[in-house]
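Structure, as structure tokens:
Labels run A, B and C following the written order; every chain starts at residue 1.
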Amino acid sequence: MILSPAERSYLYDSLSQKPPIRPGARSDHQFRPLEAKTSFLPNSNGSARIRLNDGSECMISVKSKVVVTKSVTNLIDVDIDVAGFRDDSNFVSNLKYNLTSLLITNFPSQYLKLTSKYSFKLFIDCIVISHSSYPLSLISLATYLALKTTRLPLLVSEVNDEEIEEQPTFSDDWDNAKYLDEAFEPPIFITLGVIGTNLLFDPSIEEEQVLENGLIVSFYKDNVITPISNINLATNSNNSNFKGLNQKLIIESINLCNKYCPAIIKALNTLTEQDDEGDDDHIF
Amino acid sequence: MDRRRLLGPLNTIIPNIGISSNPNDIKPDTTIDNDEVSANQIQNFFLKTGIIENANGSAYLEVGNSIIEVSVFGPRPIRGSFVDRASFSVECKFLPYITQPGEQIYNTTNQFNNGNSNTNANGRTGLTTIEQRISAYVETALLPSIILEKYPKSTFDIFITIISTEEGVNNNDEDDDNSAPNEQLLRLTNWIVNCSSVALVDASVELKDIVTSGIVKTTSDGKVIFDPRSQGNEEEEQEEGSVIGVASFMNLRNDELVGIWIERQGAINVGDTEMNNILDGCNEMSKKIRANINTYLANSLE
Amino acid sequence: MSRMEIYSPEGLRLDGRRWNELRRFESKINTHPNSSDGSSYVEQGNTKVICMVQGPMEPSSRSQADSTKATIEVNLSVASFSTFERKKRSKSEKRMVELKATLERTFEQSVMCHLYPRTLIQVDVTVLAQDGGLLASVTNAITLALIDAGIAMYDYVSCISVGLYDQTPLLDLNGLEEKDISTLTIGVIGKTEKLALLMLEDKIPLDNLESILGIAIAATHRLRDLMDDEVRKHGNVRASKLAKN
């Protein structure tokens, strides 16, 4: 997995060509093929699993709980568990920070509002079973699928419970459960590798080792949004190529994401629709 | 800490730094021209190096109510296998009694431990999610500046302590708003980067350039605010759609961008002009801070 | 019904099973061909377990290398969403540590460790959903994953939980039953009556033990057949692919 100096130099040279020559014959804006499955956890409101060809795999569960709106600071709680890493390690903490920050600032909380007093709180649990490259975009794509297929039970009691002391009650029939919103497209993260003046979407583990810098860009409702930040993706190498980047590349990355991300969202939506038709609950 | 292995070669030249601790000798760095437009003026800050004798280099920075202290340890030898370049780590900690910006949102897993946000499951004090995020930013920003090739078989460790924040001590007002902590966090991060760079210089680590950073906020009506401050809280109550960004640069090396972190309030997209405004603004501010730091370092050499 | 009836006078349990019926058992091997040397997925009722095996490989630290036999390391992680009420579990929890040690001991006996000196066999288990019989499902999943990895074993280790209600043994308890009555989990090697694992977390009267063990051993033999079917099925698929090329 770790490249030798000769391999690194070869890969660096081919990636800094214009256009870059990527391993696997991908073009610069192309994602690696992925395989996904949704709604396989009967105990959760929504679930999704994404797997890449290199064996990287991530599972998301979305669970809901009814809370008194005033008693909580936020209606979304994100937890990430990466196999082989401690929960308080820098790696896991930063994944968690990024995902929380993305969802909290962009999630339309009106979808979770139940009555004037009560709301749903969503617990998004993420397990990264195995990964080779930086798993943030993998996690966020899986979260997209899980939120897209999340269903919440139908409220049957009064919406206006300002005067009433009762707790909300729900329909017993799971078939009545509603999706968050048909049109809702959750925000996602895209990781970009910077090498020379090239920007590479979704760098693989080999590419990460020769990158000069990395960018994390978020995308929601057909537009690039914040948070935007840079990151050192080349942690597996000894950072020999790591350097600063040109300001212009940030603007370019935003334009590229605006151009290509709608296709990603479209692909994910098609995937959930196809998964709906297939009627099996099996994970594999 | 094992200091026994740190003995350098006999012919070490000790750089002529460090000033007397006599308070009369210390002048705050207020070299900003007063005639400048106030909108583009950055906050006055107080900076001092070499305050921690135990460390190879250290810096202390006060700005507004925030107090940051950074110590640099290294180059220190590492045991075990041979590495041809030094490794580099950053650890940022808030003093335990300080409310971390946004801790109700981000430090949730730790809250299970009897509300003591700084203790993990083992009862050991680990870093919280927010501290890890700051550490990661500083590490990414400073990494390109250090000439790690010069130090094989060694390691550099930077320890950052936040002694005080704008909010002050345990300000527990029930502020339910989610976006203001981000702004506070970015302001703090901005100064942490500046302070850490000076500490690296103080440790006489070989650098390609001094990394300095700036912070800029743009509002929805296109206004660009340099170095946004918390003082005017009553007037800047939650403008929907303002974008705030920190960016760190190596100004002598073609204004190479080494760190960027952009957050905002309210759901809006980020356009080209806005992004340019932020990055240019941050660059301009980083240059001003750079000028300040240069003057300070030049003075301390005399 | 004022109180849930664990075992009705008509001889039916909460989920409609008789005392000696197993829950639906489904397994799959080689589910993660790209990320592990051996992998499996087991569903026993509503308990769902994924297992991945890496190795035999060189251990990362020298302390894990035994010059006479392989070291087996089991990492058990239970997802916080695995139960109805979401609950974050720490790996250092006492029960988790004990389960991990039990599993490691079981498989050190059942795998031919002496064939792989100075190596490490790393077993990662993820529990996605639990509804009783956690240890049993985990053990079955590990067995299948080890077989998939081609690691030499004496025979299948098949595992089942049994409870005792009054005088009646109840086979393969679900989560509700497990809460109410005491449970014994046993793992049997192949079609023998040799026990590789026996775990009792509460009490069972000694006079009833024999009848419990009898039904449990019969059940594990059945499970062994079910697992063997799956392994053979997968083997045939692989063989037919080879033939085509």
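Note that in this section a residue touches a chain if its C-beta (ideal position, glycine included) is under 8 Å from a C-beta of that chain, and two chains touch if they have at least 3 such contacts.
This one's a predicted model, so the numbers in the text were calculated from it and none came from an experiment.
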{"item": "Which of A-C and A-B has more C-beta contact pairs", "value": "A-B"}
{"item": "Chain of greatest Cα-centre distance to chain A", "value": "C"}
{"item": "Chain whose Cα mean lies nearest the overall Cα mean", "value": "A"}
{"item": "Interchain centroid distance [CA atoms averaged], chain B/chain C, Å", "value": "51"}
{"item": "Centre-to-centre distance between chain B and chain A (centres being mean Cα positions), rounded to whole Å", "value": "28"}
{"item": "Inter-centroid spacing, chain C versus chain A (mean Cα positions, whole Å)", "value": "32"}
{"item": "Residues of chain B engaged with two or more neighbouring chains", "value": "109"}
{"item": "Set of chain A residues in contact with two or more other chains", "value": "79"}
{"item": "Contacts with two or more other chains, residues of chain C listed in rising order", "value": "88"}
{"item": "Residue numbers on chain A that touch chain B, as the complex places them", "value": "73-74, 77, 79, 87-90, 93-94, 96-97, 100-101, 104-106, 108, 215, 220-221, 223-232, 238-240, 242-247, 250-251, 254-255"}
{"item": "Touching residues (chain side chain B, partner chain A) in the complex", "value": "83-85, 87, 104-106, 108-109, 120, 126-130, 132-133, 135-137, 139-140, 143-144, 148, 176, 178-179, 182, 243, 245, 249-250, 253-265, 267-270, 272, 275-276, 279, 283"}
{"item": "Complex contact set, residues of chain C against chain A", "value": "28, 31-32, 34-36, 41, 46, 48, 50, 52, 75, 77, 79-84, 86, 88, 124, 126, 128-129"}
{"item": "Residues on chain A engaged by chain C in the complex (per definition of touch)", "value": "41-44, 53-57, 59, 61, 63, 65, 79, 81, 83, 123, 125, 127, 129-130, 283-284"}
